[in-house]
Amino acid sequence: MPTPQTPDDRDVPTVDAPADAPADAAGRVVLDARDISRVLTRISHEILERNKGPQDLVLLGIPTRGVGLARRIAARIAATEGVEVPVGALDVTFYRDDLRQQPTRGPQRTQVPPGGIDGRTVVLVDDVLFSGRTVRAALDAMNDLGRPEVVRLAVLVDRGHRQLPIRADHVGKNLPSARTERVMVRLEELDGRDEVRIAGPGEER
Amino acid sequence: MTEPAPRPVLVRGASLLGERTADLLLRDGVVAEVGERGSLAAGDARVVDADGLVALPGLVDLHTHLREPGREDAETVLTGSRAAAAGGFTAVLAMANTSPVTDTAEAAERVLDLGRAAGLVDVQPVGAVTHGLAGEELAELGLMARSRARVRVFSDDGRCVANARVMRRALEYVKAFGGVVSQHAQDPDLAGPASCCHEGELSGRLGLPGWPGVAEEVIVARDVMLARHAGSRVHVAHASTAGTVEVLRWARAQGIAVTAEVTPHHLLLTTDLLSGYDPTFKVNPPLRPDEDVEALRAALADGTIDAVATDHAPHARHDKEHAFVDAAFGMVGLETALPVVATTMVATGRMTWADVARTMSTTPAAIAGLAGHGAALVVGAPANLTLVDPTATRVVDRDASVSRSRNNPWHGRELTGAVRATVLRGRPTLLDGELVDPAVG
Amino acid sequence: MRRHLLSVDDVDADEIAALLATATEMHDVQRRQVKKLPALRGRTVINLFFEDSTRTRSSFEIAGKWLSADTVNITGKGSSASKGESLRDTVRTIAAMGVDALVIRHGASGSAQQVAQWVDASVVNAGDGTHEHPSQALLDAYTLQQRMGPLEGRHVVLVGDLTHSRVFRSNVKCLTKLGAEVTAVAPPTLMPSGVEAWSREAGFATSYDLDEVLPKADAVMMLRVQRERMAGGYFPSAREYTVGYGLTRDRLDVLGPDVPICHPGPMNRGLEIAADAADAAQSLVLDQVSAGVAVRMAILYHLLAGEDS
């Protein structure tokens, strides 16, 4: 039996984009902790503004880092509105279109909040939007879990190079990048600090 | 059947039983002259350079399955004879479990005639003990004995003569013509038809039906007592356990007329080979653990076990390509018997070449009552001999076999000792390791 | 050639942990309204069952279907040997149809291992004779873990016809790999031959005395005892077996209410397990069946979802 891999980066949709396991200092910082905090606050406000309040909202983070981001957004909404928005996790492994291109990947947890997603406004939260394939898989996965009224997408970084007709509703930062560059998102709860880096293909990991 | 007188053969410089070097002139089917090395003139004889080779009396196999009639897709008397000649044998006893069974005089004569037609080795039929190997009524033992085939060895091999009354009567009856019953010792209540793995830790782990050593030992013990009671002779086919050796030792000390054979595979291969469920290693009785193998080697060396017999059991490929418990029992062995004995017993210093001659020729010929075989290589003796290169090593390749079947457990294994030539009544059947077709030779 | 699951020997502790983690996700899928994942779309799984087994076969079939694989069931009564066709020919013929996985159940020990040498497809052993039943052991471990947490250091007692049990052979390997302490209990006639040496090497205990072992059990796994074994002289009567080795009402009281009870099924109620025990709150029998699908989904997913190697 093969050992499944559990990569910590879920937005590596194309073969030419190497999986990220970066060394500390590779590339340059494009968002630091303060930037990330400001950006998430803005996104939180945008979500509320767009939804005209916190009612019927459900935040679904895409593992791994999308879940942490979703929690932070929920915390900001709670601080602003005094309402606990349900947060869940939506793993897309089983729905990826590149399963057969790589060794078997083990899934991560999917957790739908107790109220479910039927009729809700679901905001999918991910760290990096790249080809759009992860989001496509997430939409399929959600389809098997229920029928939301509205689905929106919030991402910390949009680095371009879309391969599918998908766009984000809420973007932390648009980050022009070369296809071969790597974008690495780190979050305090997983990586010990908050930052977003971009590194060239040849740079030390 | 009369054979045209073959061209004389001069065997130059062979080491007789590994003891002294001599020239042998073989003429008119007998050893015509024996002389110092280089002393005999070739004349019109074909000269066989035997420098460095050991000369043994032609090997005799007490236990061969030639499959004809019935399973000619696995082996025929002709293809089996080729394998025998290639293995250094000049006589083989063809077991009775063919289809139809060799349980009549006519069936025995047919096998005899097929052997003569092949002309590579003396094929001596073994007669069934019971009709159809069913273990119930005696086969026509006397008629087989009186037939042209002169059957003297009777066996239901493949099955045990399990019923003590039947076994007793058979032992008594064959006394009339100096016959012997060769028993496949397997108590069917202790080791049934599905039993296929030595019962022990491995069978427990693998979940294979166990074949306990005691299933053999209780029959051997019973049969030596029956032989004593009947005043007859019993032969134990393919002895496989230390317990059997103990019983044999005791029985001999009592003066009971018991003889026994061991197969080459039980001298070298062990039960752990079954761990991959490869039916190539499925044989009856099963491969045993090291302790049994060691006891068998010791018993062969000290004479408790009289003979090596191949239990050559060719099978068509598809009969081995079943799940392990469903696959056929048996492995080929004629072509590898001598190298296995050389490797396990001679190269290890446990036996001399004289011992090999005793256990693979002289004694088996005596047990089977084959007058023309097993004689020492002296003037006037039948010119049946085998030349062995004692130091040659080779890796067994099952596809190089002349047997029709490929169920070869030795494939890929390096063995010491190679048969270079075989001579049957003065005519070479194997020269320089190549078969000599009698039609041409 | 792809990899196989022929024996618990094929997976180490980490791989078992990964499989069971995936099974947890699969178990969630099983509770959803839409019980379907696209992960094995376009893959073909053949359930080749030479032996009757409604439970295992349907479990694998559902597992394959919920992963969107095309599943086909082929059942063959008796051995192919009796029909004149060799097992090799049978499985190569089926594999030649272009299958990705063969889930095989056969009455002969070692058959799955042999088949794996003959075909290019992944082979999953769904029970080979009295040898192994690895998916059963994995689902048993999963079920116990769900109830008890990690099995490390926990004492699991296996009771029954050990010599004829592939569930026993797979479970003893799986449980010891997960760090559990295992005691195997049976009358001497139903102990596998050579179990003394085997247990010493593999690190499990054996006992003939259930009542001595039971008070120390953290979990009990009862194994099926076939009544036909009496004919083989393995035990004198059903009544005597039950008195010696059955999980009776009295023994249930000794066990206490928190010790889980497993049985791979089908159960002989009244023989190896009393109805009171089979239906007790601590009985995991139905949890095992439910976990069976999730664990088999995990097995098929791990074998088939990734790239062809």
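Should a chain be cited, it is by its letter among A, B and C, assigned in written order, with residues numbered from 1 in that chain.
Following the convention adopted for this analysis, contacts are C-beta pairs under 8 Å (C-beta built on N, C-alpha and C of every residue); 3 or more make two chains touch, one makes a residue touch a chain.
Keep in mind that what you see is a predicted model, and the values were worked out from it rather than measured.
Visitor: Among line, ring, star, complete and other, which best matches the way these chains touch?
Guide: line
Visitor: Average the CA atoms of each chain to get its centre, and name the chain whose centre is farthest from that of subunit C.
Guide: B
Visitor: Name the chain with the Cα centroid closest to the overall protein Cα centroid.
Guide: C
Visitor: Take the average of all CA coordinates in subunit B, do the same for subunit C, and state the distance between these two points in whole angstrom.
Guide: Each chain reduced to its C-alpha mean, subunit B and subunit C end up 45 Å apart.
Visitor: Hey, how far is the Cα centre of subunit A from the one of subunit B, in Å?
Guide: 76
Visitor: Using mean CA coordinates as chain centres, what's the subunit A-subunit C distance in Å?
Guide: 39
Visitor: Enumerate the residues of subunit C that touch no fewer than two other chains.
Guide: Residues of subunit C touching two or more partner chains: there are none.
Visitor: Considering the complex alone, what residue numbers of subunit A touch subunit C?
Guide: 1-4, 6, 91, 93-95, 99-110, 140, 143-146
Visitor: Please name which positions on subunit C make contact with subunit B in the complex.
Guide: Per the stated touch rule, the residues are 79-81, 86-89, 106-111, 113-114, 128-132, 163-164, 166, 169, 192-195, 197-198.
Visitor: Which of the residues in subunit C end up touching subunit A in this complex?
Guide: Residue positions touching the partner: 3-5, 10-11, 14-15, 18-19, 21-22, 25, 28, 32-34, 36-39, 67, 299, 301-303, 305-309.
Visitor: For subunit B, which residues count as touching subunit C in their complex?
Guide: 199-208, 210, 212, 276-277, 318-319, 321-327
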